[in-house]
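Chain nomenclature is as follows: A, B, C, D, E and F, assigned in order of appearance, with residue numbering initiated at 1 for each chain independently.
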């Protein structure tokens, strides 16, 4: 009898707290969005599932010696997982369109204003007394506006590990929402005529340029902003492996087995930060709200920069491609293409938008370096 | 105040960095164009020249091209015979 | 001269103890069984080879900073390796047949009686004074009857790491021996008429059922037996990745590169526990004997449950499929099919046996959770 | 004694759990059947609907089917010509 | 204003020391050799890139908690990475030619004289006061003459981790230079007539011989030189997986995903040892010079042994194949074939050279074991 | 002095070891030849019998051979038609 009582005390249903039940529902919601709505499923399936595991009462999965806690210790608190993913992303990135039209790098710079505006917003909310974000936390929240998952996870792992869960969820959710968030803003800040602008075809880019570019970028980062070097270094390494053409077997592994293994482990480890005690706090709402603002502002400043460049430059530039500067590769570039085709069926902006799109990855890694340098 | 400084300096650095990168990239492309590679056959178009996955070894590519050629021929024949 | 003497002292032949030589022969025997007799070669090749390495005198391979000792520390004493393998197995499991006929889950429950009977047997042997097993050790030995390698390794890693070597060897050897162990027992407890029973074809199962099932199972485990959640959680995660259809690249890696890498490392790490001092003890004989008994009893209770269900149910059930409830996927299901075809050439039981077969995986993970909860 | 308790409670819990799972699974299947998916084309048969390994992407499958079709045609032609 | 000054102090250009700039150029040089000259690119691309990352001022990438430092701690200071690579190399090695003509093993022995001569050379330089190498360091330098990357890295990780960077760079660079270093030496010590010798075709080798050979080798190593057992054990394990034919999925992973992942991580970790303070020292020049001598002497003694065997044996042996005994698989065997074809267009020595080539791998692992045993 | 000892002993051990391996390997090959395997169909030639990469399963090989045969036939046809 006593044994049965003890058994009953050991069940999850006896130990379950309301907030844990709520977080299990949040995990299921993330899985629903990932599977039915195709919200960044590669990340949100592991994150959502990890979130459920992290909130099972009576067993340590996300704490102490639990398996998700071990994944977290192994790869997130060390920064290894996001850096390896960045290497894999580098090995899948084509800088061709960017090299064909290097000025589009400036669009990737402009769109990072979303990051810094959000940092200001978070500090402003703290001044108002609505939330209580430290400077480190505000910086980590701002990086959501970089629209780049591994960068956001890397930065918040350094500056504000206690917010890693909500920041990662916000980053990947809003990236998935790019097709909903961006178009209204893009239309608001451009005229029909601007959206109709056709751009001239991109020039041919040689393999040697593609090989030299990641090295050039690496050296420039090393000389200017060393704190961005881990992120951009691994990114350039992946890209160099891809472009140099002599280590194809390593490239294939970096693009497949390695990035997939790390994605599974990273997703589960991020999920382990969705523990009720950490996630169900007021600041999560603030993070979700600020993240949305960051995306919106980045889109806006990217488009405005596109307008300015179109105004100043001899060659026509469709300002829509500025919206791709937030990164969210390749979703944002596809959105640009779609909005462009709506205005002018002969408009194929996809390749033109890929330049600012990958420039946005560089831009947000630079912004990450500055934030780590100045507030870390 | 700290935040405003951070935002100003931050955006300044991001812009300066990427502007420098525009300059250096343009310069690099010009230098490369001036001294063409010994084997100029490797030039590729602005889009991605190689599929992100799959074997990129020269033999692999040649094999694939041959396969595609053969299959195309087979399809054409097949259609012709119907 | 002195140098040569020292050199002679450093050779393996000078330092070799008889029991190490014996263990090297055991390792060679395991390799012979794996390679020539196809005994679970994916596990027994690494385990056997690791066992040889672990018994080389004069060099630390399985101890202190040796490479096998590091694999052991990394993945077995933490539980990470068996859990990742379980994830991969989940990603290769099809719950379709089970969903088409959910009652077969009960066959997977009945066959777990082998586990608990063996725990009793181990404690009885201890009472008799033949062996000296603690309650923890008895529980770890019992789980051999679960006929599921990762579960056995996971449980004995928690409850009785000092027995991990013999338990893993027994588990995989008997799984390989399923085609020899099971048929006589299956024939003993069924009549020719029962073995001839043909079963109606399984209904169509929708993808949505296959997606929801692992989540349903996870939630039920979380509410009822949290201590089984690490094992079944990783299993359900792997299965959800497979069935949801939106993360195919992760599924493929979980089914191939990841599970293969972990299998190699886990096999070598298990082999490191075949050190002479740990393996060549009387209790190993007890473990081998009890493991055999566990398989036999599980087969018997599975078949008897099949008879009972056939008696009670309207739809005919061939009691043979109860034998697949021990798990040993997919070997036990194939054995069922073969024995069924012998009795009736028109009998195709394979798909019907896959239901209890995967149910046995769930059943033994639940049993593992209870054992960890009650004696851990 | 401890062992007997363990065995009784253990088997009890295993059975209860799996019986509950039978009930919930049956219920789930009925609910799913009542509310059919918008895209009913995805229904699959009791056995495994997708191979455990190999590319499962729609394009991959289509590619493979096309390849098989082409090769089948080539074989047929080849035999016809002999 | 103060902020801008601080920012300036944080740039790489402000903090860059001359020697770091020099090492970044060394890294670029290695990348140039790897990419343009195809110098062992699979290793030298990651090593060169890692070398650049390790010399970026103002950020810890190769030190303390930096990502490359973590890779180093994880896999090099533990010996795990070179051992896993050795396993993968084993899984790609075919002992068929060696089994068809086992006497060629002696050529793989003779070529290891380069190792020991170089140890003597390093100690001699120390006696002269030119350098200051300890016995451990001399042994680690000598192993460059083994012409086998993982062996060199494994040994220097144990005996002289402070020299790991230059030793690995020397080992891989000279392996790449085999087509330049070896032919003059081969021609110098052979007559035109000897180079013209055609060898009889190799006999058929059964699969059973191929399965038994790695086990035979393992047992012999265990009995004779246990300190070589970690290296040769992992090598034989990989080879057994390949030849036994029952674990093909593990073999494929060991040959692809696993070895590629480890190669990337090992290359970056080796690169982390190219920090200016460690690399830009006089001893690096000594290591580069001695490494070259080691290759040359090994080639010479291999060829001389070939002459001796040709003189003593009934069956004709082309002494050129002795040069393949240094290992550098498969480059050295190809060089032998090319030099042989020059002398006699009907001469196809490739398969005959593969025997001594893989024998050289065994020979240098044995030599490594002795060095670890005697000076470790 | 220490170095000379090391070199002498080292080369001695390397040679002794590999000479022993020559002896044992030769012996092993003879024993294997005397007791032929039950399934002698597995004999392979001195070179590598299986490609280092790629699927080695019998079906895989058969598939590949069939594919090659088909493609060869298609090529021959294709050339014949031109």
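Definition applied: a residue touches a chain if its C-beta (ideal position, glycine included) is under 8 Å from a C-beta of that chain, and two chains touch if they have at least 3 such contacts.
Keep in mind the model is a prediction, meaning the values are calculated, not measured.
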Of all other chains, the one whose Cα centre sits farthest from chain E: D
Size of the rotation, in steps of 5 degrees, that lays the CA trace of chain C over chain E: 120
Maximum centroid distance from chain C, chain identifier (CA atoms): B
Whole-Å gap separating chain A and chain F, where each centre is the average of the chain's CA atoms: 48
CA centroid of chain C to CA centroid of chain D, Å: 23
Computed distance of Cα centres, chain D from chain A, in Å: 34
Multi-chain contact sites of chain A, meaning residues that touch two or more partners: 7, 224-225, 245, 252, 256-257, 374
Chain D residues counted as touching two or more neighbouring chains: 9, 13, 71, 74, 77
Chain B residues within the chain E interface of the complex: 5, 9, 13
For the chain E and chain B complex, residues of the former touching the latter: 3-4, 7
Chain B to chain A touching residues, read off their complex: 2-4, 6-7, 9-11, 13-15, 17-22, 24-26, 28-29, 32-33, 37, 42-50, 52-57
Touch list for chain E against partner chain F, complex: 92, 94, 96-97, 99-100, 102-103, 105-106, 108-110, 112-113, 115-117, 119-120, 123-124, 135, 138-139, 201-210, 212-213, 216-217, 220, 224-225, 242, 245, 248, 251-252, 255-256, 351, 359, 362-363, 366-367, 370-371, 374-375
Interface residues, chain A side, partner chain E - complex: 78-80, 83, 87, 211, 215, 218-219, 221-227, 229-230, 233-234, 237, 240-241, 244-247, 249-250, 252-254, 256-258, 373-374
